[in-house]
Amino acid sequence: MLRLAKIWRIVRRIVREPLGALGLGLVVLVVLSALFADVLASYPPTKLSPADRFAPASFQHLLGTDHIGRDLFSRVLYGGRIALSIALGATGASLVIGIMLGLIAGYGPRWLDNILLLVFDALKSFPTVILALTLVTITGPSLMSVVLVVVLVSVPGYARIIRTQTLVLKSAEHVMAARSMGAGSARILTVHILPNVIGPILILASMDIPVVVAIEAGLSFLGMGVRPPTPSWGSILNDGFANIRDSYWIVVAGGLPIILTTLGFTFLGETLRDLFDPRLKGRV
Amino acid sequence: MSNIASTNLSRRTVLAGTGALGLASLIYPARRAQAAGSILKVRSYSDIQILDPAFRLAAPEGDITNVIFAGLVVATAGDKWGWRPMAVETIEQLDPLTISFKLRDGIGFTDGFGQMTAEDVKFSIERIADPKNESPYSGDWETLKEVEVKDKLSGLIHLKEAFAPLWTSTLPTPSSTILSKRAVTEAGGKLGVEPVAQSGPYLLKEWLPKQRTVLVRNPDWKYEQGGYDEIHIHPIEDEKTAELGYEAGDLDYTWTSVSSISRLKENPPADTTVVEKPSLAFVWFGMNKAVAPFDNPDVRRAVQYAVDRKAVVDAAYFGAASTSTGIIAPGLIGHREKNLYDYDPDKAREMIEAAGVSGQTVVLDILNKTERLTAAQVIQANLQDVGLNVEIKQNDSGTFWTLGSKDNEYHKKLQMVVQRFSMQPDPSWATEWFTSSQIGTWNWESFDSEEFDKLVVEGKIELDDAKRDVMYKKMQDLMEESGCYVFLTHEVAGVMYRNSVAAALKPNGEPVFAEFKPA
Amino acid sequence: MLRYALKRLGLGIIIVSVAMMMLFAMVYVIPGDPASVALGPRATQEMVESLRARMGLDQPIWIQFARFYMSAFRGDLGTEVLSGRPVLTVVLEQLPFTLTLIAGAISWSVLLGIPLGCIAAVKRGGFVDRVIGVLSVAVIAVPSFVIAIYSLLIFAVALQWLPAIGAGEPGNVISQLRHLILPSLAVGLGWVGYIARIVRASMLETLEASHIRTARAFGLTDRRITYSYALRIAVLPTITLLGVGIGHMLSSSVFAEIVFARPGIGKLVYEAISVRNYPIVTGAVLVTTVFFVVVNVIADIVIGALDPRVRASFD
Amino acid sequence: MTVLDIRDLSVDFATESGALQALRKVSMSVPENRIVGVVGESGCGKSTLINAILGLLADNGEVTSGEILFEGTHDLTTLAGTAMRDLRGQKIATVFQDPMGALNPVLSVGRQMRDIQYRSNLSRREKDARSIEMLRKVRIPDAEQRLVQFPHEFSGGMKQRIAIAMALMMEPSLLIADEPTTALDATLEVTIIELLKELQQQIGCSVLFISHHLGVIAELCDEMIVMYAGEVVESGTTRDVFHNARHPYTRKLLACDPARLTHRARRLPTIPGTLPDLRNRPEGCVFQARCELADATCSRMPPDEEIAPGHLARCWHTEASVMIGAGA
Amino acid sequence: MSDDALLSVADLHVHFRVGGLMSTLAGQPSHIEAVAGVSFAIERGRTFALVGESGSGKTTLARAVNGLQPASAGSIRFEGRELIGVPKDEWKPIRRRMSMMFQDPVGSLSPRLSVRSLLAEPFVIHGLSRRDLNAEVMRLLALVGLPSEFADRYPHQLSGGQARRVGVARAVALDPVLIIADEPTAGLDVSVQGEVLNLLNDLRDRMGLSMLIITHNLHVVRQIADRMAVMYLGRFVEEGETEPIFTKPHHPYTAALLSANPEPDPDKVHNRIALPAEVPSLLDRPSGCEFHTRCPFARDICATVVPPSTMVGASRITCHFPLNTELRLATSESI
């Protein structure tokens, strides 16, 4: 009960900011439409109907159809599920791994810190796409591969931020105080460090969700995204690019949800950041 | 994708990956008349890596070597497959095992390598044929005995056995290109990316990797003149990019993606001719009889009934291509009139049910190309309809072409595949990959038929067209009878060029640079 | 300073080594055999074996890596087996195109991003600030390949203002610049947003610093305080961001190079991976990681030059 | 003449939970050539007072009443931006508490000292000469060489001297020193205080010196005001206030200072209770909640009782208050 | 050191590593000695104060005693047990007997924990959670004079003085015998300082605690400490009973510190010992007497010869020419 009241208070604070309200609205819209895709969609997302291909937007097909006559509106709705599950799954996994590695690097012995930093830097020095291509070539295109790519790409960033903050907190007085009382490393990390570093990173992660959607779209564009006929926004875009000359609406159908989701999460993340952690303003 | 193989290698070209990006992309020169007066700007689907005809990697290289080096004969443009003499004044088959030739007197090599002689012919052809040289094209001359030099300009080509594809897919390809013996020897037996001793109507003037290759008219070439002073060849892998580049006016000529043809025809860019060419390529949907559940002939047959080939081809090629009856395209010896098994979902459903595989999930491997994906998705829907779940696995070209290789553990798991091979205009090119000895190499369906194997050997040495026709039809019957194959299409090739260009195309749409002219 | 640079470079060499080790490990497990891919269907087993030997693929992976690394130190990245051209030459041929692309992208982002960020910070909370804020987020949000596609469609195909494909006439600077505009915009537009936002944020932060209050208390003009005192500090994070951003731009350039059929490292690697042309992949990735590391060292040094505090901590 | 004369100044801040009255009817003056100390504990409104004088109140701050007369003519509360800016640095100079953050870290000290002379017509070289002269005055060794150095290359004490040099460079008529020694060690603190005193005499300016350190005020200042919860509770000459404090808060504050205890005490004196909530000021005396003399009268606003000429205490019980803290 | 001393520290050294391989190769020292040979003892029930300016090593010394900072040499005996070399996992019971308070009253409380959790933490850490934690929390709040509703507040909702009380409550939660308090009054207004010092004095009397106080505030020392030591560059320059040191400082540095304290009396005539120059860097310690660069009384010998540690009166000092030994009057004597 208390929690609900707290969440409601936070929501009210977010909604007070115009951009926050817009962001929250968009996110809610995307999440709901993904959740209720089966209710809202009038066609199965993978149903082929070559006879209806390249139909422009109409009442039958709100966003038109693609090159094999699939209803784009339905695909966009179901694509939301894919995008959100990749975004949440991959971001969640990256967070867990990144936080763990960051805590280890920041609090653990120096040599381990050095090794981890080296690995992070090495990973970071690969251009993302090349890392992604190499990985997807190894694992074959699939939802898991996309998640793996995202994890590899984002873990170093999270881990580094957590590490830096852990290093700072390691010598903070409240941590010293806990140590002086005899608290072990596990307690210090979980009780005294983690709660103080996790807020900013969660906000940053919410702002990374659109990046994940973009990575998925980019891999699909290179034919290395999720497996067909899975309706992902990236693969809709890819189909759209192939037919952009005469059927612009396919690219619009694929691009619009990406842009809206990105804007939604970014605005929401920013509002949260400004409300709860103004210190973070310095980073994008 | 297609690739038309301008050489034997066509398949390998596809394999090589660049090819995988698409037939659509061969070099299709086009010129934009007003733009540069006498400059033709064309697109090729891959950049050059090596300009030695004996080691060329992909069709775009063959298209270039065909104009900067003189071959004995060269393929001509037109709606029928044909050839004309290039380096030779005369060439004729004296008997099944002997061909005589006489070179034109006056073909010179650049860079001071003198005049082309019969000695150079002997050197060039034997170089390709000799297995020691590891030319991937040695098969083009697989029955060569030797080349006999009679005098400075004439000689005889002696074969060990009759070789039916000689006049269709060996001589009119870069495999008959004549290089300077001295130049090649001095270069260490192999030419690199900078050609020496060029001898054709055009010379390679400049190569900027991944940017363009510039050909200029060879002032010393005395015979059939090219239509342009310069030809600029831009390597553009992605066919959609090439189409957009064409529309933006950066190209005069390009091969289009198959999926665009019908829409481009309906609504062509300004001042443009869009043509559709029948392709030699063949696309099929295969099942590996070595792997369950396709080890059961009834399941294979059921799938043959289950696939709505018309719908598959229609969806994948946007109505531009029609279904095929086999692997040998119309117009060639051995083309079949009709299929043995076709769409009958009710029968299929019964057989699947009877075989007890209903509800199983099978994996369909494809190359990550739009058309293949669409085809696979329709097949997926078709099979779903009769009770089989299909998981589509897209592979990049590097992975795809090794899926069925016996070096790759995956070949033991490979269940279904949508495949596309391309070929030279001789039926022997289509069939040789399906022999039992090719299992674990290119025969991914594990199709094995002694009769088929025997016919493949006989078909190559039989010179009588009528007899060959019967043999090759039989071979395709055997394939379809096995249940391993669902023949889909021969595709079409789409080409567009400015109306200011008179494009010179082989029957399958491949360009003949030397014959392009301003309209 | 020099010592710091050397130290950073030393660390850079280690980072590059680790990165290359990872790459070798990854390449090793990629399915597909480059030799048989290269030779095609008619290759005999003997031909494949001999090519594998020539490519060094018959050796265990660590020997392959050690060999690669030893010769890389001598500046030899091996030869491309099929064409026989030195890998270094092939890579360096492509490098300038990617460099100009990235330079173009950086120009967009700096020339537009910094002024926009400044304006937003100065007009904090106002209408202009909001508009810049929303636009920044919007351009960050759109994937670069979508921008590439649309700009190609609009400016090259529909309007025909700018060329669609290639890198321009060799030797013709105007033509090359014209060919650079759209691809670099595609790569750089998102960064305009990033830079604008980070400049705004660090401007606001700097403007609250106590030395700015001191400057005000001494009666310095707002203009001088904003553009001379605050901006100098506020642009520092931009440099770090751009240093790290080079990696992202290299990624975006793959798309831009594909869509605009432009030569460049990104496309080179993309194609090389798909045909398992490992010497090119390893060579190009080596060159880009070295480039990335060097750029970041330079970024740090530039920051040092601009920020004496950092300079002091170098020693 | 009075350099600075503040009359009935009140400042409010708009906050999420209502208006916060940071200053209430503050009156004080800084006579020419005198050092006036402002003393008070955290939350007493010292910083707001300075910011109000400098016209640097945060955006949500607003002067709701009163005036700040500078040199008898300009009312700083109504002065336009540029006019205010012309006074700052020229006529009114400031030294802030934090020597680490007060200088721009990326500009050399010489550049910053030159920049603040931007109104002068001197050449660059002459400006630098002036800077060097000032650095010498604050006893920075090797002043010429140090001009090109950056703030981080100086120790905390030196930075504070540079800040003083910069503040006094334009020979202002008023120097505001906001806790300039708080961040420094005791041995440095005394040298800075002595330096300030010496320079003040040399230049002949007035100083408004803010500190929570009674000892420093006692040593340095001629006059002082005591602030509590945004009000001036007592003001007068330093001697009057220290020897004859009449506001209960002042007396308690003085008693609390352990420096006054020369022998070890059983119990140290304290001031029980907490500051009132400034969003919700009590009617009448701000100190009543913590004052043992408080009675019904205290719920009315106390007058500024004149104890002696120039010695004021805002209290109803200035007679009784002498008993407070006597025991300490 | 008497054997019944609760804590006795002998010749303690603490090193910090500075610079990397490169600077070591360049011949720069690779370590600084933050604490360089310090000895003292605290008897049961007594309070010892460490005084020094920033960088003198007093905080490092305190942390070394608590094992938060590894010592590099010397001996620390606590309740008869040698603490140097105690393995990490055996510190826990020791820390139950010896608690520590840190400088920043608010910052030393974990920001996301309520006062209740903060006060319960010592019990949880030491496996005493079977006790009635709520009762313990209430007991502690009462002990430090905070109302019980404070249990549900968070650190940022506390004033400095309140936060300091919570810190004190945590420190005494498990009935330690020694409290190490780093600047217990830093950041507090004078009126609040007294409250905290009174509280500490009370608790010491009621619980029989010993205390080690680290501070730069001499007035605090005088009010609370029985013995004191003055630190300069990581060493003691003067150590002894508090009151005599205040009345008759022997080391010039002590005298300078005492004289540097402005007193709240406008009529006071100041007779200061001014210290020229800046504090030297630990990386580059002066030769001879390390104070000679700033000592107004330095003579030639001071620059070359390290002064011995001698007893002058009840104080142990390190100076060639101690003050107040004969009839020389205190330079700055307060009253």
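The letters A, B, C, D and E name the chains in turn, as written, and every chain counts its residues from 1.
Following the convention adopted for this analysis, a contact is a pair of C-beta atoms (placed from the backbone, for glycine too) under 8 Å apart; a residue touches a chain by one contact, two chains touch by 3 or more.
Keep in mind it's a predicted model, so treat the numbers as computed, not measured.
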item: Number of hops, chain A to chain C, where each hop joins two touching chains; value: 1
item: Those chains which touch chain C and also touch chain B; value: A
item: Farthest-lying chain, centroid of Cα atoms versus that of chain E; value: B
item: Chain centre separation in whole Å, for chain E relative to chain B (CA means); value: 87
item: Centroid distance [mean C-alpha coordinates] between chain D and chain A, Å; value: 52
item: Approximate Å spacing (C-alpha centroids) for the pair chain D, chain E; value: 32
item: Shared-contact residues (touching 2 or more other chains) in chain E; value: none
item: Two or more partner chains touched - positions in chain B; value: 244, 247, 396, 398-399
item: Contacts with two or more other chains, residues of chain A listed in rising order; value: 137, 241, 244-245
item: Contact footprint of chain B on chain A as seen in their complex; value: 46-48, 50, 53-54, 67-69, 136-137, 140-141, 223-224, 227-229, 239, 241-246
item: Contact footprint of chain C on chain D as seen in their complex; value: 54, 56, 85-90, 93-94, 96, 98, 101-108, 115-116, 118-119, 150, 152-153, 163, 166
item: Chain A-touching residues of chain E, taken from the complex the two chains share; value: 63, 66, 68, 91-96, 99-104, 107-113, 121-122, 125-126, 167, 170, 180
item: Residues of chain B that touch chain C when the two form their complex; value: 8-9, 11-13, 15-18, 20, 49-50, 55, 57, 131, 134, 136-139, 190, 192-193, 208-212, 234-238, 241-242, 244-245, 247-251, 396-399, 401-402, 405, 407-408, 410, 433, 441-442
item: In the complex with chain D, residue positions of chain C that touch it; value: 209-221, 224, 228-229, 232-233, 236, 306-309, 312
